[in-house]
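The two complexes that follow have subunit A in common; it is paired with subunit B in the first and with subunit C in the second.
Now for the complex of A and B:
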C-alpha cells in the first residue's frame, strides 16, 4: 500500500515539529526518515500511524484519505523504539494479541492463532522463547518479538521508530541486515526512523533527510550521499570540514586557495560555504607552488587501518579533520607539532553562507 | 539467558538485599542506637496500645466481650460501617482509576487543578469535610428545604455517612495509581491500539493487568480508612443509636458512658481490621515484588 503525505504541519505548544511536509512512499519500498533528534521524524511516523493528529494537511493510504481514520482501522504495524511489549504476557501472547482482539467474526480459531504465531516466531527465529516474558529477553530478542507482533496483524504498512536505537553496535548491525532481508522477502511498505546515517544508507531504498520540521532531500542512498541538495544533508551524512569563501566566475577561492569547481559551472559569483570530507584532504610535508593550506598537526590517532588527524590552520587557527590510510601516514613520517600543507579534493560548494551545524 | 547468567543475577540480587556494604554504613554503636530508638518508639506508641486494646476488651471475660459485640446497637454499627465501605470503596475504585488514567496518560488544561482537587480530602480536616455536607444538605443548608419537601434525608442518615466516607477516602486509589501509571507510560496502550484493540480491550487486557497490584493496594488502604473514619462521619451522623452510628462512633459513645469493656471490645474489632489490612498489604507488596523478580529471573 502506498502512502501519500500532503502538506502536513504539526505543533506542540510553541514548538513547530513539522512544517508543511509532503512525501510519497510507493508500495513495497523501504524508506528511512533520517535526521537529528527533534527534527520531527518520529512525529511524522506517529502521524502516519494515527497516534498523533496533524494540525494541517492530509494522509492518504493507497489514494484514500485516511487522515481521520482510527488507529485500529489503519492496518499499520508499529514497532516502538523501546519495544512496548506487554510485560505481563508471554512472548506467545504478545504476538497473538492482535489476532485475539479481533471482533468475533474475523477472529481466527485457537488452532489457527497458534499456527500463525509459531510461524511468525519462526520467521524471527525465536520460536524457542514462546513461553518467556519480555523482561527475560535481551534487547535484540525483544525487538524481533516486537516486529513479529506487528507483523501478526498482516499490516499493509510497517512503521518502525528508531528500531535499533537502544541496542549495542554489534547487535544493531546484525539486526539491520536481517531487517533488510526480511523486507526483501515480505515486500511490505515500510518506513523507519533513524538518526544514524550509516543505518539509513545501508538499509533503505529511499532516504528522506529531515531537519527542523522540514524535508531537506529525498533520494536513494547514492543520491543523497553523492549529490546532497543542501549543506545540511552534506554535513549530516558523514564528517565534514566547513570553509567560507567566495566564487568568482566559476573559480572558488577558499582559505586562500584557488579551487576550480568541476560541477555547478554557473557563471555565478558570490559568497559560498564549502565542504570537504576528511578523506578528501591531502596532507603533504612540502609546500606546493600551486598553493596549499598551511597547518599544524595537533593530534593523530589510528583506528585499525585508518589514521585520523586533527589539524590546526595556520591562518585562522581553526581545526580541521583529515583521514588517511595507515600506510600513507607512515610514508609521510610526521608527528604531532609538525607543519604540513593541505590540498583539498572534491570540494562541495553551496552559494550563500548558510552554515547549519 | 544462559544458566550462568541467571545464577549471577540471582546472586547479585541476593547480595543487594542481604549483605551490608561496610564502606557505606555507619559504625556499630550508631546502628544499634538507631535501631534501639526505633524499637522503643514503636513499642511505646504502637505495640503497647495495641496490646492494651485487647487486654481491656477481655478484662471482664470472654462472655462480656461477646455480649458487647452481639449487642443490637453494636451489630447495627458494624452493619452500617460495612454498608458505607461497600458503597464508598467501589465508587472510589472507579473514580480513582478514571482520574489516574486521565492524569497519567493525557495532557489537558486544568490537569494540575485536578491533581490538587484529588488531594483536597487529605488537606482538609475531616470535621470540615463533614461540616461541608451539613451546610449543603442540612436542614438550614442550601438544599435543606428542597430535601425536606421531597422527604429525602441525607444528613443524620445513611446517605450522609456514605457521602462523607467517599469524600474522605477519595485520594487513596488515585494517589496510588498516578505515579505507577506515569512510570509505565503509554507505549503499551498505543501498541494495543495499533494492533487493533478497542479502548475497552486495551483497558482490560493491557492497562488493568499492569496496575493490578497498585490498584489492590490502593483499595486496601481506601477500605481501611472508610471503615475507620471518625471525624467527618461524626459530624453528619447525628449519633442516633442503632441507626446512624458506625463502629468508631459506637466506640466513642460506649467510652463516654464509662462502659470500657464494651468500648474496647468494639475497638478490638477495628484493631483486628487494621491488622488484617496490614497483612493483606504486606502480601500484596510481596506478591507484586515476587512477580517482578520471577519474571526477570525465570
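Now for the complex of A and C:
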C-alpha cells in the first residue's frame, strides 16, 4: 500500500516539529527517515501511524484519505525502539495479541491463531522461545518478537521507530541485514526511522534526510551519498572537513589553494562552503609546486586497515581529519609532530556559507 | 575464616536493628495480649469471644471493612486514574485532598461525618426522604471506613499508573485493541498487584479503626457496634482478660485474612507473569 503525505505540519507548544512536509512512499518500498535527534522524523512516523495528529495536512493510504482514521483502524504495524512488549504475557501471547483482540466474527479460531503465531515465530527464528516472558529475552530477541507481533495483524504498512537503536553494535548489524532480507521476502511497504546514516545507507531503498522539521533530500542511498543536495546532507552522511572560501569564475579558492571543481558550476562567483571527506585528503611529505596546505600531524590512530590522522593547519590552527590505508601510512613514514602537505580531492562546494551544523 | 565481600555493608547490624525495632513496637505488645488471655480458662475464653453481641460485632467489623475496601478499590482506582492520566486545573489540590483522611484526627472525621450524614445533616437529609438512614446504622460504619481507607488504594496504584509506559498502550492500539481491551488486557494486569496491596491496606486499616466510626455508628448492641468498641467497653469494666481475648480473636482473623490476600497476590502474580526480573 502506498503512503502519501501532503503538507503535514505539527507543533508542540512553541516548538515546530514538522514544517510543511510532503512525501510519497510507493508500494513495497523500504524507506528510511534519517536525521539528527529532534529533526521530526519520529513525529512524522507517529503521524503516519495515527499515534499523533497533524496540525495541518493530510495522509493518504493507497489514495484514500486516512488523516482522521484511528490507530487501530489504520492496519499499520508499529515497532518501537524499546520493544513495548507486554511483559505479563508469554512470547506466544504477545504475538497472538493482535488476533485475539479482533471482534468475534473476524477472529480466527484457536487452532488458526496457534498456526499463525508459530508461523511468525518461525519467520523470526524464535519459535523455541514461545513460552518465555519478555524479560527473559535479550534485546535482539525482544525486537524480533516485537516485529513478529506487528506482522501478526497482516499490516499494510510496517513502521519502525529506531528499531535497532537500543541494541549493541554487533546485534544491530545482524538485525538490519535480517530486516532487509525479510522485507525482500514480504514486500510490505515499510518506513523506518534512524539517526544512523550507515544503517539507512545499508538497508533502505530510499532515504529521506530530514533536518529541523523539513525534508532536505529524498533519494536512493547512492544519490544522497554521492550527490547531496544540501550541505546538511553532505555533513550528516559522513565525516567531513569544512572550509570557507570563494569561487571566481569556476575556480574555487579554499585555504589558499586553487581547487578545480570536479563538476560544472555556472560561472558564478561568491563565497562558498567547501567540504572534503577525510579519505579525500591526500597527505604528502614534500611540498608540491601546484600548491598544498601545510599542516602538522598531531595524532595518528590506527584502526585495523585504516589510519585516522588528526592534522592541524599551519595557517589558522584548525583541525582536519584525514583517513588513509595502513599501507599508505607506512609508506609515508611520518610520525606525530611531523610537518606534512595536504591536497584536497573531490571537494564539494556549496554557495553561501554558515552551513556548519 | 573467609570474609564475604558485599556491596551493601551492614547486613547484620541493620537486620538486628530491624528486629529489635519490630519487637519493641509490634511483637512484644502483641504477645502481651496473647499472654494476658492465658489467665482465662478455655471456657471463660470461649464465653467472652462467642457471646452473641461480640459475634455480631465481628460480622459488622469485618463485613463493613470488606465492603469499604472494595468501594475504595473501585473509587481509589478511578481517583488515581484521573490524577495520573489527565491534566486539569486544581489537580494538585485534589491530589492533596486524597491524604486528608491520613492527616485528620479520626475523632474530627467521625464527628463531621456523623453531623453531615445524620437525618438532618447536609447529605443525610437527602437520603431521608427515600427512607435510607446513613448515620447511626451499619451503613454509617461503611461510610466512615471508606473515608479512612481511601488514600491507601490511591497512593499504591498512582505510582504504578504513572510508570506505565505509553508505548505499551500505543502498541496495543496499533494491533487493533479498543480502549476497553487496552485497559483490561494491558493496564489492569500491570496495576493488579498494587490494587491488591491497596485493598489489603485499606481493609486492615478499616478493621482496626475506632475513632471515626464510634461517632457515626450509633453503637447499638447487635446492630451497629464494632469490635474495637466491645474491647474498649470491656476495658472500662476492668475486664482486661476478656478484652484481650476478643483482641486476640481479631488479631488471628486479621492475620489470616492478610495472609490470604498475600497468597492471592503471589498466585496472581505468577499467573499474570510478573516475573522477578
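The rule is simple: the second predicted complex is superposed on the first by the 354 of 357 C-alpha atoms of A that agree within 3 Å, B and C clash if a C-alpha of one lies under 4 Å from a C-alpha of the other, contacts with A are read in each partner's own complex, and residues count from 1 in each chain.
Rule of thumb we're sticking to: a contact is a pair of C-beta atoms (placed from the backbone, for glycine too) under 8 Å apart; a residue touches a chain by one contact, two chains touch by 3 or more.
Given the structure is predicted, the values throughout are model-derived calculations rather than measurements.
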| item | value |
| --- | --- |
| Joint occupancy of subunit A by subunit B and subunit C, clash or fit | clash |
| First, second, both or neither for A:98, with subunit B first and subunit C second | both |
| First (subunit B), second (subunit C), both or neither touched by A:138 | first |
| Which superposed partner A:193 touches (first subunit B, second subunit C, both, neither) | neither |
| Contacts of A:90 with subunit B and subunit C, given as first, second, both or neither | second |
| Touched partner set for A:78, first subunit B, second subunit C, both or neither | both |
| Contacts of A:59 with subunit B and subunit C, given as first, second, both or neither | neither |
| Partner chain(s) touched by A:224 [first = subunit B, second = subunit C, both, neither] | neither |
| Contact residues common to both interfaces of subunit A (with subunit B and with subunit C) | 49-51, 71-72, 74, 76-78, 80, 82, 84-88, 97-98, 101-102, 133, 135-136, 149-150, 152-153 |
| Footprint of subunit A on subunit C - complex, ascending | 165, 167-168, 170-178, 181, 185-186, 189-190, 272-275, 277 |
| Subunit A - residues contacting subunit B, complex | 49-51, 71-72, 74, 76-78, 80, 82, 84-88, 97-98, 101-102, 132-133, 135-136, 138, 149-150, 152-153 |
| Residues of subunit A touching subunit C in the complex | 49-51, 70-72, 74, 76-78, 80, 82, 84-90, 97-98, 101-102, 133, 135-136, 146, 149-150, 152-153 |
| Contact footprint of subunit A on subunit B as seen in their complex | 1, 187-188, 190-198, 201, 205-206, 209-210, 295-298 |
